[in-house]
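Letters A, B, C and D mark the chains in the order given here, with residues in each chain numbered from 1 onward.
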Amino acid sequence: MMTVLLRNADEKSISRLSGSLGKKGLKIVGMEKMGKTHALIETGAISIATQPQDVELAAEPKCSKQFRLASREMSLGDTVVKLNGGVEVGGRQLALIAGPCSVESEEQLLQTAIEVQKAGAQILRGSVFKPRTSPYDFQGLGVEGLSILESIREETGMLIETEVMEPSHVKLVEPFVDMLRIGSRNMQNFELLREAGRSEKPVILKRGLSATVNEFLLAAEYILSEGNPNVILCERGIRTFMTETRNTLDLNCVPLIKALSHLPVIVDPSHGTGKADLVLPMSKAGIAVGADGLMIEVHPNPKAALSDNAQQLTPSQFADLVKKCVPVANAVGRTMRSE
Amino acid sequence: MMTVLLRNADEKSISRLSGSLGKKGLKIVGMEKMGKTHALIETGAISIATQPQDVELAAEPKCSKQFRLASREMSLGDTVVKLNGGVEVGGRQLALIAGPCSVESEEQLLQTAIEVQKAGAQILRGSVFKPRTSPYDFQGLGVEGLSILESIREETGMLIETEVMEPSHVKLVEPFVDMLRIGSRNMQNFELLREAGRSEKPVILKRGLSATVNEFLLAAEYILSEGNPNVILCERGIRTFMTETRNTLDLNCVPLIKALSHLPVIVDPSHGTGKADLVLPMSKAGIAVGADGLMIEVHPNPKAALSDNAQQLTPSQFADLVKKCVPVANAVGRTMRSE
Amino acid sequence: MMTVLLRNADEKSISRLSGSLGKKGLKIVGMEKMGKTHALIETGAISIATQPQDVELAAEPKCSKQFRLASREMSLGDTVVKLNGGVEVGGRQLALIAGPCSVESEEQLLQTAIEVQKAGAQILRGSVFKPRTSPYDFQGLGVEGLSILESIREETGMLIETEVMEPSHVKLVEPFVDMLRIGSRNMQNFELLREAGRSEKPVILKRGLSATVNEFLLAAEYILSEGNPNVILCERGIRTFMTETRNTLDLNCVPLIKALSHLPVIVDPSHGTGKADLVLPMSKAGIAVGADGLMIEVHPNPKAALSDNAQQLTPSQFADLVKKCVPVANAVGRTMRSE
Amino acid sequence: MMTVLLRNADEKSISRLSGSLGKKGLKIVGMEKMGKTHALIETGAISIATQPQDVELAAEPKCSKQFRLASREMSLGDTVVKLNGGVEVGGRQLALIAGPCSVESEEQLLQTAIEVQKAGAQILRGSVFKPRTSPYDFQGLGVEGLSILESIREETGMLIETEVMEPSHVKLVEPFVDMLRIGSRNMQNFELLREAGRSEKPVILKRGLSATVNEFLLAAEYILSEGNPNVILCERGIRTFMTETRNTLDLNCVPLIKALSHLPVIVDPSHGTGKADLVLPMSKAGIAVGADGLMIEVHPNPKAALSDNAQQLTPSQFADLVKKCVPVANAVGRTMRSE
């Protein structure tokens, strides 16, 4: 039995593929709609195809009953998310995302951007919408922060990612950023996942505080099944009995996900530990275990930050981190941009 | 120091209260806006007042820095949420909410409603929007289900609650239901909380899978600070290492919340255990520990249910549960409607 | 297939039983030694028999592969542990165990004993060996404390239980106490379990901080398989992400264990919450859910206690607790001794 | 304030040190006995001294109230445990411990020993006493297994470590092994810790399933305070809600412990993941994060193993692991013995 997946396929392309498969002696025995994607159930091959001509053949497919589009069984190889400027997530070179927890001002973001870019980061983290436990805490600059993101992108040429917290944010931020981020608290905000699935922008999906890997991949499936193939999974620590660290960074999950799924995985040791001192060693560990990139919180003056003071690095600590991670990346066959 | 809270106060009523306090020899030393609520910081008393004339005095207030409107310190007594037909949540009589996990058809819901009402339930549970881990699972009847809710409400006279999963659902479901429910996965969907805070309908807020009590009360604070005072907290089990039950119903949290907050607390032993056999004993325990009500999943044919098969009771099991819970309710000074 | 269990059976009684079964037309198809207990595998019945003549028949036995002697399938009814003075654990009357966390002096223990006995407790808790997280904390009075236990037992006539921490403690404390207690940290100290299994004294086995119910019952199985049938399981809270209570009292486990095993279960809300204020409501919940008794920490002056200050009750708080628990006990068909 | 620690000090050496400190103008203001170690509380310096002449001075000591001998503040540098044959744990070269979960036969152990030694392991893991959840599972070869350990040690010259489960095991196994291991379930078996503290053999102490780092270091303190300075901490996974891996290997704890304590830390990715496929990537991560060594389960035929089938590597998988870990070790400034 083979399954061919057609993303965003119209009637015409489905019928064209069906014909071309027929010419190869394959008969379509069924079809299943998964969001905007169609699965043509056949004999002999599996592929994720955006165009019927992309169909390729693989032996002995076993389609997982739960996550399908996210499953390694449904893919011929690892997904590499391609961004502007030749930046990739999931390729040989590690992706390095850095920036402040929250955008606080243009000055703060620009200073951070210049320094993290120089140190090796290709992508700037910058949240303008902040999910905060208390309604009385700083909630981010909101819509006003978007123009800051825009001007920093122009000035530095860096790629920019930002958090979306509700469905309406997706369209709102698209013009200003290169990637969307869905935070831990929203990993199962299914309307938000669906809306991100309708976007052209790649999506960084952070693991929920108490999500299993199965639940994590099924959340990705919500995005994939709407037609957006560019999902990057981010391990950022789970909630356990441990109170001496903010969260427990679960590196077990990186090779576990790699075995189950073709999607790229990055690691966020800033939230995963909650302690600036632990960010460097856990970054090395994240690279060694096989992650495709890191997301690190960097602030020009962590003590004065409006959120996450204890875990943000200074720009010079970040530059030092990159230098010390390069040999580890090389030791596991990866490269890393650095000063 | 005293704090007077004014909900939805306009300039005029604030100035009027300020004057009336002045006549009592109290001087306003500050004012803080928490959402649509104003806190007038004074000497000697605390109250939540919807009308300035409601202001009462209490000694030695200590305002919690985190949750304020949810805090017991900010209230002169327990909040009792008043619903149509004289039904209350937080009063001497326990509130009994029952119904299927998902609304599957008018027939299914009507049959359930008639039976649970007869057995003692005042409020019908009925989800038409279902947050499901997998995008390929039954997602609820959606908007079409709302007319079912409406006709059952008319036919039976029961109060009806339903889940809202995104901000736009709030206005959508308001005409059809008596209460809104925010599920565990959305406990920190802050935009949804804010929108529910702008509704006239009482809100059942379910505890997140890995939420502390502090985080739970701060989520309630998002609703309260938008001006909606009718929040009912629902303990429904937390995620622990235990896999022999679906979740671990944390009854410790009921008296803990009662000590910290004036809000009513109900218990959901269906999700809290995930096993039909454990629902009765844990219902008794929930009542004994001081909960203000129960939410129980009941389905005419649990084995055929489209979700949560293992934990739903049959109507006759539910009727038996109510009968066996009445003596426990009486033993702790509460009453319970029963056949 | 039927399994007959013979406890402490010698060759002669096995052969006698084998003969008597033969007369009933049953053929022994195998025999398995589980510690000092023999299982005779047959067709048609299951029983735990201390004497061959006790053998009874039951239909459709399904022997659990894991815990056997602890399994409900292996028993014809609930185990009732019988103690001196007609006190029982597992019968209709609830067992009430109370006393200080640690024995600190004869005066302290005597005062506590007199007061808790008057309030309704039948069994005095008194630890002389204390497992403490730090080697620099008070480690208990040790051997010297045993004579205090002895004199209090004489003076008050109360039954006494105490903790054993290593195999050699079992024989050491036997002459002075009526029950042994194995603490959470030692739930999988297998040598200690085996040694307690060779004792004549009933054993209270506390659940480990992160033990599943399966692991808990298998720990009991270590004791049972050495020949001691009198095991009382004690739920005392598990370790979860919750830090606002010392542990999370897992009442789900009480009916879960009752479904799986014939052994009596008691609840310790003092350790299960770590907060004196929560002990009363959680005691009521424990009784309502079906526990066979309570273990409560009581100290004449909790603030001055050498351990567990925050969770111990005063004698008058304890007397109040008993009075308030009696109606709950009655509501679920149990009785409770009280002043 | 300064604290001088004297291990195993007699009256005479204490008085001698007191005099020599006096000559430096330092006055002893107090003395505290911690097991066999004395702390002389002074002004200006901290040191762990086995001989009074070893006393050195350090600035600004802050003595942790909880763990003292384990604390970094109490030491002038990292502890390096020195074993026979120049093997060290805590030095620049990583320690590599490998072998079967259980010793099953001389043949099995010899074959494993030869292969893991060839691949780079310096220390052979071999348990003859096995703590098993069920009393009906294989419990290890027991005393008879000790002669197997002895003959393998002679034949291969490898260092050997084995588990001790109760106090009496310590003296029993000492003649046959080079290191003692205390397992997770016994991390708070305080009598066992004390007995290991009286041994001349280094002790590998495995973290408990739900132990915080503070509790872990206090367990080490029980050993240290009896006079045994050679404690090696082993992270082996904690119990969390995650069921897709056997445990959650908590690598956060490695740099956290390194910041708090001078003791060496090794990592056990076999138990930490429970899946053979994850052992290699998590070994790399463990080395990258700064661990001083690895403990890996290796069995000639994992599928036929009497315990832990799913997580043991074959000898050739182990040899491959070592080769792939060497570059990571080098990348973080460590060396690793390999074929």
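Convention: a contact is a pair of C-beta atoms (placed from the backbone, for glycine too) under 8 Å apart; a residue touches a chain by one contact, two chains touch by 3 or more.
Every value quoted in this text rests on a predicted model; they were computed, and no experiment measured them.
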item: Chain separated most widely from subunit C, comparing mean CA positions; value: A
item: A-B or A-C - the one linked by more C-beta pairs in contact; value: A-B
item: Approximate Å spacing (C-alpha centroids) for the pair subunit A, subunit B; value: 35
item: Gap in Å, rounded to a whole number, between the CA centres of subunit C and subunit A; value: 51
item: Sequence positions of subunit A contacting 2 or more other chains; value: 210, 214, 239-241, 243
item: Parts of subunit D lying in touch with subunit B, wherever the complex brings them together; value: 210, 239-241, 243
item: Touching residues (chain side subunit B, partner subunit C) in the complex; value: 210, 212-214, 238, 240-245, 248-256, 259, 272-273, 275, 277-278, 281-282, 284-290, 327-328, 330-332
item: Residues of subunit C that touch subunit D when the two form their complex; value: 34-35, 66-68, 131-136, 165-168, 185-186, 188-192, 209-210, 214-215, 218, 221-222, 225, 239
